[in-house]
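Chain nomenclature is as follows: A, B, C and D, assigned in order of appearance, with residue numbering initiated at 1 for each chain independently.
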Amino acid sequence: MTPVLGVAELQQILRESFPSAEVPLVESVDGDSVVVYLPVNERHGRPGGTLSGPSMMTLADLAAWLITMAHVGPVVLAVTTSLHIDFLRKPSLDDLVARGRLLKLGKRLSVVDVELFSRGSEALVAKAQVTYSLPN
Amino acid sequence: MTPVLGVAELQQILRESFPSAEVPLVESVDGDSVVVYLPVNERHGRPGGTLSGPSMMTLADLAAWLITMAHVGPVVLAVTTSLHIDFLRKPSLDDLVARGRLLKLGKRLSVVDVELFSRGSEALVAKAQVTYSLPN
Amino acid sequence: MTPVLGVAELQQILRESFPSAEVPLVESVDGDSVVVYLPVNERHGRPGGTLSGPSMMTLADLAAWLITMAHVGPVVLAVTTSLHIDFLRKPSLDDLVARGRLLKLGKRLSVVDVELFSRGSEALVAKAQVTYSLPN
Amino acid sequence: MTPVLGVAELQQILRESFPSAEVPLVESVDGDSVVVYLPVNERHGRPGGTLSGPSMMTLADLAAWLITMAHVGPVVLAVTTSLHIDFLRKPSLDDLVARGRLLKLGKRLSVVDVELFSRGSEALVAKAQVTYSLPN
């Protein structure tokens, strides 16, 4: 599958959709996969000095949204139907990287597999499966 | 099961654990259930004018953490092992309320059912099942 | 919501859909809830002398299918989109009971909460959330 | 990670653990991955002429159990803690193949990613994440 939107277009959609928040950065879009990362700073911390679970869920959700839009165009109103995440290891306080891979793109739903890891490490910190519902 | 921590103690743990963030409010702790809510303002919005999915996941995760601690004491280092959430309806921009119910409290894991709804409405906006791992 | 199919009709659909298998029994249909149970015998056992996980998943999936059909009519071609289950306690070798509750009934999807327990006990043995996709 | 059990040993555990049932076949064990398949026949069918969801969940659960045992030894009493599965496409009535990949092996829990496909096709029919609890 060839994406219809690339890094620059996805980055712009992110900036326009989340004007006030700190915006994750799109690193690459290639076939059915997107890589996006969250530059990490102290604000994301949690008790115990690790990155928060919600930061990881938020990035996983975003990766699924981005790879869906990369293939169907700028459907900013697509909504998450379900998200499942297993937390595997404590992430370091390095940048959090998400690799989203489109498992299915139907007329109604997209399903995305998301791997999360800390920049510079191969070990997964979390693994998610996310379903988006596409507007008619 | 009788909780060992009440509303005031849980609220204080929240305040100390998240000093810089806006802190959800603990409304009640009763047997195996906790009610916690997020006062909603414009910052939580998403394209389409609804509350963001990450806001809902974050509150679900927090409700599970709180009802776990209410029964085992202030184990602030308990970590989420897995979270599953189904998004059901668009929430209104009213306060987001989460009701967490302890399904299992073992030596290693707690499992919590979380219902999310908008203040003033009976219809669920999301439903989650969250597992926490308890430190030894 | 008032169901459009009752116990007898759902039981007949089960019998016709699974002619060769041993068929679970529909106990009640009431508003948004169905109760169905699996008469347990030795064949369902697993190492350790407990009921198998697949038996529980199968019954949860079935409960979700039945309460969906109870409200939309005999859509036997509805298919499971996703299933999440947390296993909580070892079931006894008594009948396995599932209570399915419709959380959402949309035009495309139904979402069902399923509680599983052993006959004669209040303690949940498993808890599931199941999504069905409705044919056009 | 090098497995401590191979194809023959896992196949024997399967045969001994499920003496009366039809037993899936272990195809390969390699590093953190196992491949196991279910020879498909008419009994697995469902309304609409496709393979049943429970057959897929059962095989996913089994793949997770096998790759866990391949690395920790014959812990036949390990129990499934949670299972999440997204159903993606209707499988054909060919053999159902599961590839389980160990994402985490801790002292208490193992987490396994499972891809399911029909023999002879690259397209995934389902995708699961399964957690097993290891006995002390």
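The definition used in the following text is that a residue touches a chain if its C-beta (ideal position, glycine included) is under 8 Å from a C-beta of that chain, and two chains touch if they have at least 3 such contacts.
Everything numeric here is computed off the predicted structure, so don't read it as measured data.
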A-C or A-D, whichever has more C-beta pairs in contact: A-D
Chain located farthest away, centre of chain B as origin (C-alpha): D
Centre distance in Å when chain A and chain D are each reduced to the mean of their C-alpha atoms: 28
Inter-chain centre distance, chain C versus chain D - centres from mean C-alpha coordinates, in Å: 23
Intercentroid distance (Cα basis), chain C paired with chain A, Å: 33
Residues within chain B bordering two or more other chains: 81-82, 84, 86, 131
Sites on chain C touched by chain B in the complex: 84, 86, 88-89, 103-104, 111, 113, 124, 127, 129, 131
Residue ranges of chain B in contact with chain D within the complex: 81-82, 84, 108-109, 131, 133
Interface residues, chain C side, partner chain D - complex: 17, 20, 43, 46-48, 53-54, 57-58, 61, 76-77, 79-87, 90
